[in-house]
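Each of the next two complexes has chain A plus one more chain, namely chain B in the first and chain C in the second.
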Partner chain A sequence: MKGPTLTAARAGLVSCEACHLLSRPAGAGEPGFCGRCGEKLENRRRGSIATTWALLISAAICYIPANMLPVLDTTTPQGTEGDTILGGVAFLYTSGSWPLAILVLIASVMIPLGKLISLAYLLISVQRGSVKGGRERTRLYRLVVIIGRWSMLDVFVDTFTVALVQLQPLMSVAPGQGVLFFAAVVVLTMLAAESFDPRLIWDSVDPGEPVHG
Partner chain B sequence: MDARLSADAVACPDCDLLQRIPALAPGGKAACIRCGRALAKQPSGSPDLPLALTVAAAIMLIVCNTLPLMELHVVGRFASTTIAGGAYEMWLQGQRVTSVLVAFCALIAPVGYVSFMLTLLIAVRLPSVPPWTGEMLRWMGHLQVWSMLEVVMLGILVALVKIAELATVDPGIGMYAFGAVILLMPAIGVNLDRRELWRRVEWMDAPR
Partner chain C sequence: MAEQQDINDLPQASVARPKGLRISVVWIIPILAAVVAIGIAIQRVSSEGPTISIVFKAAAGIEAGKTFIKYKDVTIGQVATVELTNDYSQVLVTAKMAKHAAGLIVEDAKFWVVQPTVTLSGVTGLGTLLSGQYIGFQAGKSTVRGRNYTALDVPPVITDQPGRRFKLTAQTLGSLGAGAPIYYRSVPVGEVAAYSLAADGKSIEATVFIDAPYDKYVTSETRFWNASGIDVSVGANGVNIRTESIVSVLVGGIGFDVPDFAPPGESAAVDAVFSLYQSRAEAMTLPITVERRFVLYFSESLRGLSVGAPVTLFGLPVGRVAEVGLGYDAMTHDLRPRVLVTFNPERLASRVSEKDRPSATKALVEASEAARVPILRHLVEDRGLRARLQTGSLLTGELYVAFEYVPKAPKAKVDWKRDPLELPVDSGGLASIEAKLDNILTKIDNMPLESIGVGIKNAIVSLNQTLKQTDALLGRIDAEWVPEGTKTMQSLHQAIADADRSLLNQDAPAAQDLHNTLQELTGAARAVRVFVDYLQRHPEMLIRGKKEDHP
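Showing the complex of A and B:
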């Protein structure tokens, strides 16, 4: 390839993130709004790295109580018992539905952890100006965006368990404090993935003139 | 200066590389030459298919939100729930933030997505396309990220298996409609030519 490849930013154009229309920015540093759909135009998502780190660190902090605190409190005449996420996995495993146990383990424990590690790796590699594996890193980013939503699984499991098992005084299930933290992890990592700009990976893979805005 | 550029030139959303999208055969796809991101597709089905699928999805969405998703029988007691019922019970139990989040991802976002899609597919067929279509299509994209019906479905199935240890649980009529919605939603996405839809919407800043 001869010379730096031509990106929209180097050609003095800006691509709308919502409708992908190419337009000329209204002014340097202030590209304005998309003429077709009204989305705010940005060459690169503003403050992408700092915002993504902030959301990612908040998510990592919430990940601890999400796994330590009970997500469901089951009340029977024998008393109240709290169940953490791993407790729920163990329950599914011992009750014979090991495929579901593995499914919940992947969705609730491994996907959130994988997202935290992957996004941190992507951020560090961009900050260090890494030039290798642009294609692989972009693919990793797309994977994080696609599978991120599946970690909401446990929140929905808890919601419908609570909604159905209200058989006072025989047995009732209430949501525990862990649910809130767990939902926070999912939402914060989804927002972190949204605020990370994969185009930053390519700005250092193929450095031409610096990109402004 | 003319701000509008050639319609087949795009910048890859993932790596910003400028490229031209060639004319695609039905069923064809175009991906970014640098990072492999899917850029465009030409659905092989009829252009009316997305509207037909959206009408079906809207009907099934109404059914699955009004009829019980699952029913529980234990020692002469009976309980049933819907998606809204689940979110409401979380609210009553004091988990208000989680309740709002569940209501948004499982009810508001999918219903908003399907009703926006239905409105848009009808609006772009009108002789004069209404001025709000471009902005509506933009909001539809934002809603789609948070519409998680397929995850909700799996969550309900896991909950059914967990509760089946304690009581008799049966899927309700709503569950079958829910199953249909899960299949219809991705079918709309596969058969919809988003670039064509964007070409047909009215511009926000168009002279009126």
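Showing the complex of A and C:
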């Protein structure tokens, strides 16, 4: 196909994000509401990049205490001991179960970090008007969204452990402060991924009529 | 395509500032996150207590990150690193202390490793079996902050427990050890905290700790005694076994009490020094404050008399033998067995009946030397008070000195001005028995046994002759007297037979009479029975008389 692809925006039309009905916008600046499902119509999500950046930076800030603070406080007659995520990884590795250690390292440390870096890369590439690798970047975006919902597993396991391991007075387990920050990281990256508008990737790949962001 | 567009299609610049450039509300989120994260970081840093280093001889069970420092069972720190000192001779432990305990970390604070200790007297540190070892801590009194410490080898004496410490001095430690229980009327009230040799090495100084509220029973008059083992005494009442507790039998113990004779006394001060008696009996006896010394010159052997042997007065113990030796008179070159005895008039006074005790105490204990001489003089010269050696035990031949009245004793000359006073002795007792026995044996020895033997022989010969004559006499009697005797017996027999016949024959008048009498008696008995029968059936007869018989 030669020349810029015909998109809804380029054709002066707007697609409903909920029911995907293509309709003519109500006005030039205000696309109005979907005639079929009533969803607010938008050419591109408003302030998508700024919101995503804000949420991403928040997530990055929370990522530091999430890894520094203990996620689990274990109380034994010996005393109370706090376990961080990386401490747990190190324990699993030194105690011989390196496959588990790698699993935890990937699931709990590298994936959140990967999401942060991926989103940052997507934002930067969109802001710089990068024209290459639109498909790859879209695939990356999809991956971030899909993984996002599974990232809460850590928090889930932590909650379960706390509820089950209450062997007073021998042993009891309480959630540490770190788990709050970890949950915040997960929620914030999910929100950031949600607020990012993947259509922006293609706006620079197929330069055409500037769209209202 | 853009070039072809009409100029009218260009966007119109707006007067108002476009909305999009306004800072979005969403940026509050990262600011909030940053504030929270920084806040937690500040809190973490500020809650960090001081880091200290402790030098241990060995890292017995101390692990980095796992061993805690506890004070009154509250965790106040955690071991951060365990490493060897630079010269590899000791273990350097660094520990992070909690912020709230920072005020406790002063120069003279003490650290030691708490280990489970199982002794017969109890189990301590049992919690460490579950939790592993921990480092014990004791706060100091200084206000200067400390950083470097050397751990103690043994836990220090408890000072923050309510109660009081006292010091005991003893000749030997016996079977006591740190942790040995202390009993007050068999109730365990404390323990031996520590012990050490005195500086001169001649005695033991033990520190004991009595828990509150029992510490108030320790007064200035309290006596402590070694309650180790079993105290078995055999008396006229049988065997008496006394022990504070079965634990004290095994690990030793200390008992204390106020003796009956002593006033209650005032509450003892902390670290007051007491002496530790070897036994309860010793502790409970009157203290000897007044002691009189007398010299006794015996004439018999002193074998079996040892220093410390009892001195009795009428059988009551009143003193001890202080010296056993010889006396030498330079003038006459005379050697005599000499015994020095000590005499405790207080013990004597304590035996006097309650009513007379004050006056007895006054006369015997408190009176001056000059005032006591007349009493002694009266006892020795008028009553005949004499010292004797008596055997305490027939098995061992132990001797003791007994003072007794010897009424028939010869008058003794006493120099009342000498010091120590020489008291007269009496060779009574065992020595006199020996002398008497000796006397008897000598007499037996001196008997003319040979001439007695000859005399006895002569006597036997003449006795033999006499016996022969007697035999001849008996033969004559047999021949002449026996036939006569036989006749006499025959006539006697006849007489008895006659008597028998006349009395027991039915036809004999006497027997006939007897028979009749018996028959009469039988009739009378029958009549009485009939009467009684009737009376039983008709008791009214006694009042109304016998009714006429109805046909």
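Descriptive notes on the structure:
In this section, the second predicted complex is superposed on the first by the 201 of 213 C-alpha atoms of A that agree within 3 Å, B and C clash if a C-alpha of one lies under 4 Å from a C-alpha of the other, contacts with A are read in each partner's own complex, and residues count from 1 in each chain.
Keep in mind that, in the parts below, contacts are C-beta pairs under 8 Å (C-beta built on N, C-alpha and C of every residue); 3 or more make two chains touch, one makes a residue touch a chain.
Keep in mind it's a predicted model, so treat the numbers as computed, not measured.
Partners chain B and chain C, once the complexes are superposed on chain A, both fit on it without clashing. If you stand at the C-alpha centre of chain A, chain B and chain C are 90 degrees apart, rounded to the nearest 10. With both complexes placed on chain A, chain A has more residues touched by B than by the other of chain B and chain C.
Of the two partner chains placed by superposition, A:106 touches none, neither chain B nor chain C. Looking at the shared chain after the overlay, A:164 reaches chain B, while chain C stays out of its contact range.
By the touch criterion defined above, A:150 reaches chain B but does not reach chain C. Touch criterion met: A:47 reaches chain C, while chain B stays clear of it. Here chain B and chain C sit at a least CA-CA distance of 14 Å once the structures share a frame through chain A. Under the contact criterion defined above, the residues of chain A that touch both chain B in one complex and chain C in the other are 170.
Chain contact summary for the complex, chain A toward chain B: residues 5-9, 11, 13, 15, 17-24, 33-39, 88, 91-92, 95, 97, 100, 103-104, 134-135, 138-139, 141-142, 149-150, 152-157, 159-167, 170-171, 174-175, 179-180, 183, 187, 190, 194, 198-199, 201-203. The residues of chain B lying in touch with chain A in their complex are 1, 3-5, 9-11, 13-18, 34-37, 69-70, 72, 74-75, 77, 79-81, 85-90, 93-95, 97-98, 101-102, 105-106, 134-135, 137-138, 141-142, 145, 148, 151-152, 154-156, 158-159, 161-163, 165-167, 169, 195, 198, 201, 203-205.
Those residues of chain A lying in contact with chain C across their complex are 47, 50-51, 54-55, 57-59, 61-62, 64-65, 69, 76-81, 170, 177, 181, 184, 188, 213. Across the complex, chain C meets chain A through its residues 20, 24, 26-27, 29-30, 32-34, 37, 40-41, 65-66, 68, 75, 78, 127, 130-132, 134.
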